[in-house]
Amino acid sequence: MGILEVKGVNKRFGGLQALGDVNLSVKEQTVHAIIGPNGAGKSTLLNCLVGKLIPDSGSVMFDGQSVLGRKPHEINQMGISRVFQTPEIFADLSVLENVMIPCFARRDGAFRLHAYETVRREAGIREQAEAMLADVNMLEKRHMTASSLSRGDKRRLEMAMCLVQEPKLLLLDEPTAGMARADTNNTIDLLKEIKAKRDITMCIIEHDMHVVFSLAERITVLAQGTPLVEETPENIKGHPKVREAYLGEAQV
Amino acid sequence: MDAILIQILNGLDKGSAYALIALGLTLIFGTLGVVNFAHGALFMIGAFCAVTLQKILTLSVTTIDPERTDFLGNPMKVQTPYVENWFGPELGAAIIDWAVPLAILLAIPVMVLVGFVMERGLIKHFYKRPHADQILVTFGLAIVLQEVIKYFYGANPIPTPAPSAFKGSLDIGVWLGFDPYSIIYPYWRLVYFFFAGIIIAGVFAFLQFTTFGMVVRAGMADRETVGLLGIDIDKRFTLMFGLAAAVAGLAGVMYTPILSPNYHMGMDFLVLSFVVVVVGGMGSLPGAVLAGFLLGILQSFASMNEVKSLLPGIDQIIIYLVAIVILLTRPRGLMGRRGVMED
Amino acid sequence: FTNAPTGSAVTLGFNVPQTGAYADEGADELRAFELAVEHLNGGGDGGMLNTFSSKALDGTGIMGKKVEFVTGDTQTKSDAARASAQSMIQKDGAIMISGGSSSGVAVAVQGLCQEAGVIFMSGLTHSNDTTGKDRKANGFRHFFNAYMSAAALAPVLQNLYGTDRKAYHLTADYTWGWTQEESIAAATEAMGWQTTEKVRTPLGAGDFSSYIAPVLNSGADVLVLNHYGGDMVNSLTQAVQFGLRERQANGQDFQIVVPLYSELMARGAGSAIAGIPGSQNWDWKLEDEGTKAFVKSFGEKYGFPPSQAAHTCYVQTLLYADAVTRAGDFNPCAVVEALEGYEFDGLGNGPTLYRAEDHQCFKDVVVVKGAENPQDEFHLVEIVEVTPTEQVTYAPDHPMFAGGALGECNPGA
Amino acid sequence: MAETATFDRGQNNAATHPKFLSVWDIQAYYGESYIVQGVSFDIHEGEILALLGRNGAGKTSTLRTIARLDDPALRHGEIWLDHKPLHKMKSHEAAANGIALVPEDRRIIPGLTVEENLQLAQIAPPIGWSLERIYGLFPRLKERRKQEGVTLSGGEQQMLAIARALARDIKVLLLDEPYEGLAPVIVQEIAKTLNIIRDQGITTIIVEQNAVAALKLADRAVILDTGSVVYDGSAQEVLEDEALRQRYLAI
Amino acid sequence: MLGLERKDTLLLIAVAFITLFAPIILNPFPAGSALAQFNAGYPDLMQRFVIFGIFAIGFNILFGLTGYLSFGHAAFLGIGSYSAVWMFKLLSMNVIPAILLSIVMAGLFALVIGFVSLRRSGIYFSILTLAFAQMSYNLAYSVLTPITNGETGLQLTLSDPRILDGDTGGGLPVTSLFGAEMRETTTLFIGPWSWDFSVGYYFCAVLMLLAFYLSVRIFRSPFGMMLRAVKSNQQRMNYTGLNTRPYTLAAFVISGMYAGLAGGLLAAMDPLAGADRMQWTASGEVVLMTILGGAGTLIGPVLGAGFIKYFENIFSKINDGILHQWFAFMPDGLENVMVALIHPFIGKGWHLTLGIMFMLVVIFLPGGLVEGAQRTGRMFRRRDRNADHVESDAARQRAAAE
C-alpha cells in the first residue's frame, strides 16, 4: 500500500477525456515523478488530489483515508501540500509573511481566532519561516512585497511555503520551471536534503529531465489522460514509447 | 386574469427602464469593469437634455401687456416663444409639443460628448486603480453633476409632457376580449417599450456582429496584452464609454414623460441599477436585460393588493429579496461570466 | 435657561432642507426667514408687522436685541436634522429653532428642542402626530394638519362629487401618509363615501404604474393620492397618463383628489393638476391684509410670490418674537405661556388661535384646485373656498391625536 | 553569420549603423526601483539573440521595456527599430511597427476561447500567419480551439502565446522563456519553428533559463546581471567558454 | 507598550492626545470672531466625529483587511441604535446596558447576514449585503413601525416603563452613566475662547480609543495577517490548509459589532433611532469615509469620518449672511462678487464642495488622506528618506492590492 492510492480516476471536460482510468500508487517516502506531453492530464490529476477538481469517478486515498469530497483546506490539513504550475502566492504580502502563514496553518489548524496576539510576538513562527527562506536563498528578500519578485523567485517562494508546512505528501507541479540553472540545482539539493531529513513523500511533475532523473525513484508517464508506463528512471530513459511520445531527441 | 395581464404590461414597462439603465451600466461596469456611481447621473443628464430642449424651444420674447397685471399689481409681462414667432403659432406649438422626442437628437451628441470627456478626463486614470477609488471618484462626480443641475434647474420636478399625439392610452383589453378599460396602457409607455427594444437590439447587434465587444472585454481582462497585439485599447474604451453614456442618456430622455425629471432621479435609480446588473450577472448584456425585465415584472406583481395583503411590505423589498435568492442559488447571477469582479 | 442671550443680539436657528427632494421648499423657507429677520430688525417695509394684531413688535429686534440667525441643513432626515439643530443650539447659541419640511423631521427636532430647552416653531409638518401623540410643550405648529385638511376638504368634495362615491387611497408608506389617509377616509366616510382600498406605496417609488393600474378595475371612482412632493408629482402624472380622468366608473366621471397641495408640486405636475382639488395651509392669493402685505414685501424682494412654506416660516418667526416681547422674557417657559391660548389676527388666514392643550394653531383652511388655464406660472392653483376655523376644529383629545402629552415646558440648563 | 557588435557607449549609433534593432542605454524603473540600468545592444535583421542572466537579472524587464509596456517605465535611453524610434511609442504602436512579445506568464486572455485569442491578434494590422497555418504548426491548438484559453494546460498555453505572436506580421519577436513548461518533444518542435521564423527574416530575442538550448539556437548572446550588460558576444563563445558560463550563469 | 510596537504606540498616544484635547483643538477660533464658523468643538459634532470614527474603524477591519466591500453596514448601525433606544425605554437610562445590547444585537445580525452573504465574493457579496440592508431599511420605515416608529424614528416618551429607573418626574429622562448625564457640559472661557467639555463626548472618546486600540491589535495580529492573505489570494489560503470562511465571517461580525457600538453610542448621545440610519446612502457614507481616509490604514477611517462629518455640519451652515460678514472689509462691489463666487459652494451647496473634495482627494492622493499626511510629513523631513512612516506599510499593501 502506498501512502497515496489513486484508483480508476476519470475526469472529463466536455468532450475531452482529460483523465481516463488513472491508477497510481505512490510509496511512502519516495519521490515519484509524473511526466508526459503537454495536456496529458498531469495537472488535472494533481487538481483531483487537492480538491480543486472532483473526479467523475474513481477513488483517491491518502494515508488510508479518502480525500474525495473534502474541501481543499481539509485536504491540506491531512498533510498534502502543493506547488502550482503558475505560482500561487500572496502577492500583496511580504515574502516573510507569505511563509509565516503556512506556519500558522500548521500550528493552529484551519481556523483560529488569534486576533489579540501580535505577529511580532510569534518569534517561533518567524524563526521557522526565516530558516525556511534561508534554505531557499531568499532570506535577504524577506521584506519585499511578493508581487515584485521576479518569476523564478516567486516559484522558490511558493516552494518554501509548501515545504515549511512539512507535509507528508508534497505535490510539485513544475517546481523549477523558469528557475535559473544554478537555482534549479540548488532546488534539487534542497529537495533531496529535505527528503533525507524528514519522512516526506513527493510527487513531482517536471519537463526538465535533469530534475526528474536527479530526484525520481519511480516515474509514471502519462499520455492523453492514461498512464503509459510506470518504471524506474533507468528504464524510462530507454523506453521507446516514452522517447517517441515525450522525450524526442532530448538528452537525458 | 386581466389584473395579472395588466401587471405584466406594467412590469414590461418598468422592466424596459431597468433594462435600459442596466444595459448602459453593464457596458461600463460589466465590460469596462469600472464601478461607475455616476451612471445614474448620466441617466439624469439625459433627462435634463429633454428639459433643456424644452426650455430652449420655449425661449421667449417678453412683451408688456398693460391690460393685465401680475401678482404684485404691476403690468403683466407676456412671453411668446421665438419658435412660435418664427414658424407661426401652430407649427411652433407643435414643435414645442414634440420637445421630448426631439430631445433625442440633442441627447445623442451631448451624451457621447459627456461620455468622452468623462472617460478621457477622469475614468481613464482609474482603470488600474482599486474599485474603491473608482467608487469614490465617480460618486464625487455624481454629486457634482447633480448639484450643478440643481443649481440651474432647482430641486423640484419639472414637467416634460409627451407629445399630445401620445396622450391617452390604448385599450388593449378590448382587443383581447375583456371589458373596455380593463386593460389599458398609455401610448407613451408603448413608445418607451419599443424604444427600449430598439436600443437594446442595436447595442446587441453592434457588440455581436463586430469584434468591438470582444476587444473591449479582452482589454478589460488584460489591457497590457491587448496592447501587445497592436490594439489601441484606450480609444475603444473611450468609445465604449460614449456608447454607454448615450444609452443611459437616451433612457433618461424618453423616460421624462413617465417620471418628471428632478436632480436626484439618478441617485434614486443608481442602487437599483446596480442590483439589476449584478443579478443579471457581471459582464453579461443579455443578463442585464433579462434581470431588468424580470425584476420589473416581479415588482409589479408584488405591488398587487392581493399579494400585499398576504405579505405586507413585500413590494418594498421584493427586488432585494429576489436579488438575494438569485445570488444565493446562482453564484454569478443569471448569466454572469466567471471572474468578472468576483474579487 | 439654555442660551439666554447675553449680548446685544439674539440668535435664531433656521433649520431647513437645503439638499434632497424638498430643497426648493427649504430655499423658500429660508427666504421667508431672512425677510422676517429683516422686518424684525426694522428693515424693509415691515411686512406683516403692520397688519399683525399685536403691536408689541416695533422693529428694534426682539426686546431691543438685534436678531441674528444661523441656518442648517435638515436633509429631510431625522438624524441630520437633529445634528443640525444640535449644532445651532450648542455652537451658535440659538434660542429658537424653526423650519423643516417633513413631519418626521419636525417630530424629531421638536423632541430635541424639548430636551435641550429651546423653543421649536415647526415649519412644514402636516402629520397629526406633531401636535398629537408626539406633541411637546416647547413646540408650536402654525401649519395645519391632516385632520384639518380632511375636515375642510370633505364638504367641498361632497359639493363637487356627491355623496355616493367609492374612494381608492394610494398612500405614502410612512407616518404622515398614514395619518392623512386615516383622516381623509374618516371624513369622507362620514359623508357617505366608501373606501374601497387603501394601498401603501413605497417612498420614492418613481414609477407608480403598478399601483395605479389596479385602480381601474377596483370599482372605485375617486383616487385619493396621499403623496407629497416628487411622489405626488409622479403618481398624479402617471394616473392621468393612464387615462383615469377620462374614465367613467359607476356611471360617474372618475376623479382624483390630492389632499395636501402646494404650488411647487403643482408646478411639477404641470397640466395634470388642472381641476384637481386639495387643501393648503395658506395661499398668496388670499385677500386679507396680512397676506397682501406679506406678498408685497416678499414679491418685491424676490420677484415671485411666496409659497405656503415661506408663509409659515415667516409667521412663526414673528410669532416667536412677539411672544418674547409680550412676555418680556426670553425664557422658553415664559414664551410658552405667552403663546398658549394666544389669539391674534393679521398674519393671514384671519383670526387665529394657538390652542394651549396641544400647541396646534387653529385658523381658516384654504381649499384649492389646479387651475385649468393658468394665466402665468404663479397662478397654477385656484382658491375654491376658505373653510372657516370652526369647521376644522377638533377636541384636543380626539382619537386621532390621542396618546401624547405636552409634558412641562423645559427651559434647559 | 553575425558580426560581433561593438557598441560605442554613450552615443546613439542607431541612425548611422545599419542595425535593425538598436537598444541604447535604456534605463527603466518600477516606481522608484531602478531595474534596467543602462542596457545597450543591437541586432541585425534575422539575427537570433539570446538574452541570459540569473533570476531577477532584469531580462523580463528589458523585454518589456522594448515592447514599450507601461511598467517598467523607460526614463532614459533610446530604442530604434528599422529607423523608427520605439522609445517614443506606446506598446500598441510598437506592436504596429512589428514588435511582438511572448510574455513569460503567457498572458492568455481570460474569457476568450483559443480561437478568439488568436483572432484578437489579427484585429489590428499588420496581420501575419493565417489561422490555418498556425493550426498546421500547432495541431493541439486546433483540437482545443473552442476551449477557453486559460483552461489549457500549461504547455498548450505556451503554444497559444507563441501562435498569437505569429498571427501578426512581425519584425522582431521577443520570447520570454518560451520553453518553460514544455515537453522536450515540443521544445524541439519550437526550436525548429524558430529556425523557420529566422529564415523568414524575423529577428528574435530569446530569454531562456535553458541557456544551452537558447545558445544553440542563437547567433549572439547578451548576458545581464543586476540590470546591466556584462557580456555581449557570440553565442558560440558562451557555449564553449566554461569559465564565462560559470561566472555569469553559474552553469 | 500595551503590547504594541513603538510606532503603533506613538500613533495611539497621538490619537489619544488629539481626542482628549479635541474640545480645544477643534475650537481654534475665538467665539464670535468671523472664523468661529469653522469651529467644530461643540459636543454634538465632536461626538459624531468619534462615533463615526468607530463605525469606520470597524468597517475598515472588514474592508481594509479582507477587501470584502460591504454595502450594508449601516444596517448594523441602525440595529445598534434601535436596540439602545429600546433599552432606554424598557430598562434604564444607563448607557451601559444599552450599549451592550447594541453590540450583541448587531453582532447577531452580522452573524446571520454575514453567514449568508459571505457565500459570494466581490461585487456579488456587496450586492447581497446591500440587499439585506435595504430590506431592513424599507421594513423599518414602514411595516415595522411598531418597533421602529417609522419615519419619525424611535424616541423616548413619558410613558415608557423603564423598570430600573422608576419615576423620573415631569420631563423626559436623560441618558447617563451611573448618574453622570451624557449631556452635561462644562464650558471653559479663556479670553475670547470658549471650550466645551462634555461628559458624553469623553465617554465616546474613551470607547473610540478602546476601539482603535483593539483594531491596532487586530491589524497586527496573526488574524489580521490572515485577513490580508484572504484579500490577496483566497485560493492559496485554501491550499495552505486554512478555512477562509470563518476568518471572513469573524471579520464581518467584528465589524458589525463596531457598527452596533457606534449605533448604540449615537442613541446614547441622542436617544432617537431613525430608519434613515440604515439606508444605502448611510452604508455608502462609511465606505466613502474609509476610502477617503485610506482603506487598510489604521487611522485613515477616523480621518475620513471626521472629514465628511465636518463638511456636513460646518459647510452646510455657512450662509450668505456669514459670507457678507467675512468680506465686509471689501468694497461693496467686490464683496458681492466674492459672495456670489463662493455662494454655490456653501450652505445648500455643501454637497457640491463635498463632491469636489472627494474627487480631488482620490485623484491627487491615491492612498486617501493618510497618504496626504504622509506626503506632508515627507516634505518636512526630506532628509531621512528611509524613516519608517507610521502607516507606510499598510498603505503600501493597499496600493499593491487589487
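All chains are identified by letter, namely A, B, C, D and E, in their written order; residue positions are counted from 1 within each chain.
Keep this in mind: contacts are C-beta pairs under 8 Å (C-beta built on N, C-alpha and C of every residue); 3 or more make two chains touch, one makes a residue touch a chain.
Here the structure is a predicted model, which is why all the values come from computation and not from measurement.
How many steps does it take, at the fewest, to get from chain A to chain B if each step moves to a chain that touches the one before?
2
Can you name the chain that lies farthest from chain D, using the mean of each chain's Cα atoms as its centre?
C
Using the stated contact rule, I'd like to know whether A-E or B-D comes out ahead in C-beta pair count.
Here the pair linked by more C-beta pairs in contact is A-E.
Centroid of chain B to centroid of chain C, CA atoms only: how many Å?
Centre-to-centre distance between chain B and chain C: 34 Å.
Roughly how many whole angstrom separate the Cα centroids of chain B and chain E?
34
Using Cα averages as centroids, what's the distance between chain A and chain D in whole Å?
30
Check each residue of chain A and list the ones that touch at least two other chains.
none
Hey, what residues on chain C touch two or more of the other chains?
Residues 23, 27, 173, 200, 202 of chain C each touch two or more of the other chains.
Can you list every residue of chain E that touches 2 or more other chains, as numbers and ranges?
In chain E, residues 138, 141-142, 351, 401 touch at least two other chains, as defined above.
Which chains touch which?
A-D, A-E, B-C, B-D, B-E, C-E
Under the touch definition given earlier, write down the residues of chain C that touch chain E in their complex.
Interface residues on the chain C side: 18-19, 23, 26-27, 30, 34, 69-73, 77-80, 82-84, 86-88, 90-92, 102-104, 107-108, 111-112, 114-115, 129, 134, 173-176, 200, 202-203, 405, 407-408, 410.
Considering only the defined contacts, which chain A positions touch chain D in the complex?
13-14, 16, 35-44, 85-86, 148-153, 174, 177-184, 207-209, 245-250
Which residues of chain C touch chain B in their complex?
My answer: residues 20-24, 27, 173, 197, 199-202, 204, 206-207, 209-211, 213-214, 216-217, 229-230, 233-234, 237-238, 241-243, 246-247, 264-265, 267-272, 284, 295-296, 299-300, 304-305, 375-376, 378-379.
Can you tell me which positions in chain A touch chain E when the two form their complex?
Per the touch definition, chain A meets chain E at residues 50, 52, 71-73, 76-77, 81-82, 84, 88-93, 97, 100-102, 104-106, 108-122, 145, 147, 161, 165.
For the complex, give me every residue of chain D touching chain B.
The contact residues of chain D facing chain B are 67, 69-70, 90-93, 95-96, 100-101, 103, 107, 109-112, 116, 119-121, 123-126, 164, 168.
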